[in-house]
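Structures incoming, each one as structure tokens.
In the two complexes below, chain A is the common chain; its partner is chain B in one and chain C in the other.
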Partner chain A sequence: MHSQFKYWKPYVSPYDPCKPIRVKSYSTPPQLYMNFQPPGLPQFQSPKQALMHGTLWPQLYSPYPDPHKRGEKS
Partner chain B sequence: MTKQMPPEYYKLLEELQAIDFVIVELNLYLNTHPHDFEAIKQFNEASQHSMHLKIEFERQFGPLMNFGKSYSNYPWDVDDSPWPWQV
Partner chain C sequence: MFYYEKKLQYPVRVSQCNPMLAKFLVEQYGGADGELAAALRYMNQRYTIPDKVIGLLNDIAMEEFSHLEMIATMIYKLTKDATPEMMKAAGLGDHYVAHDSALFYNNASGVPWTASYIQAKGDPIADLYEDIAAEEKARATYQWIIDMSDDPDLNDGLKFLREREVIHSLRFREAVEILKDDQGKKKIF
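The block that comes next holds the complex of A and B.
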């Protein structure tokens, strides 16, 4: 299973006056790894769940923004 | 006291929003999967459910949409509040 986010460590200059951002992330949703959506994928049980997740198929769900923020907080 | 909508109003609207979202998802899916019979059946069921919800909503709370997509009562109440952004 492919991860939803990828992380990298940007270069931090010693002369940078701002608080350094040590780890950054970008979203890699499942559709990047899915060629052509096959028919008959399992769906969310209720329309409300689908609405809350933003897709009808759990396999295509992609959280945003990054729930576990790498870097400063976690 | 300003006009207040009963909880039923919001429940129906939320249900309508959810079912319409499913319809949009299925519609987009079917654009690229025209032969998926199961999805077409689900799409038609969802559309019918959405129509029933709209009829029920309009029976209780008056017109939902403008420009002929909803009937009006007397006097004209298509422009009654709450508007979508006021809900």
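The block that comes next holds the complex of A and C.
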């Protein structure tokens, strides 16, 4: 599985007026890595679960906001 | 073609964390009298202006692009570390939903830049008079932004940019004098 978010460290100037955000992130959702959906992907256990996720397939679920929020640490 | 020097025309310092100033500065980025409009106006008009003043329009267009970079740097510094909450508090909530903290060519009210801000009439006097008016309007816009800002370091850069508008206006006025064509001639009326 690929990671759902990528992190990068922007340049931080000693003269920046605001408190710097040292790590920024962007979403890399699963469709990025699945150019064509293969048949027979595993599905969620129940229709209710699928409904709540907005997709039948866990592998295509993209969380937002970033559940790890690594961008706000360090 | 362009040769790019990886530095700003004049140093940009921003000392206070005040993202609301970014909302005002964007008027000079993608506004009707902003640097983008100025640069594109002159770089386009230069083709059909008499040879004697092509170089002037060319050089001023290049300088306007340098100013555009300075304005972009100011806006970037003021917004790059702003959280969504800070953007909302600064009146930039509508900008955030469309652009995150990316810069975009729109004016302070969020109206996107349009080519109808500029003109190329083909008549050299009409074009140069428009250019003079554009410089004066840009100068006035800098004045009003300086009035809204209490950051001395930011204002230092804005005062430099305002002064350049003054000089450009004068150079365009001189271009009109050149095209009036009696300059330097002994002519008795």
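Convention: the second predicted complex is superposed on the first by the 70 of 74 C-alpha atoms of A that agree within 3 Å, B and C clash if a C-alpha of one lies under 4 Å from a C-alpha of the other, contacts with A are read in each partner's own complex, and residues count from 1 in each chain.
Heads up, the rule we're going with is that contacts are C-beta pairs under 8 Å (C-beta built on N, C-alpha and C of every residue); 3 or more make two chains touch, one makes a residue touch a chain.
Everything numeric in this text was worked out from a predicted model, so none of it was measured.
**Q** After lining up the shared chain so the two structures overlap, which partner does A:25 touch, if you call chain B first and chain C second: first, second, both or neither?
**A** It touches nothing on chain B or chain C.
**Q** Just to be sure I read the superposition right, which of the two partners does A:39 touch: chain B = first, chain C = second, or both, or neither?
**A** In the superposed model, A:39 contacts chain B only, not chain C.
**Q** Let me test your reading of the model: by the given contact rule, A:16 touches which partner, first (chain B), second (chain C), both or neither?
**A** Second partner only, chain C.
**Q** State whether A:62 touches chain B only (first), chain C only (second), both chains, or neither.
**A** A:62 sits against neither chain B nor chain C.
**Q** Quick check for you: in the superposed arrangement, does A:4 touch first (chain B), second (chain C), both or neither?
**A** So A:4 meets neither chain B nor chain C here.
**Q** Enumerate the contact residues on chain A facing chain C in the complex.
**A** By the definition above, chain A touches chain C via 10, 13, 15-21.
**Q** Please name which positions on chain C make contact with chain A in the complex.
**A** Residues 13-19, 77-78, 80-82, 151 of chain C touch chain A in their complex.
**Q** Give every residue of chain B touching chain A within the complex, in rising order.
**A** Answer in residue numbers: 14-15, 17-19, 21-22, 25-26, 29, 32-33, 36, 38-39, 46.
**Q** Across the complex, what residues on chain A touch chain B?
**A** On the chain A side, the touching residues are 36-37, 39-40, 46-48, 50-51, 55-56.
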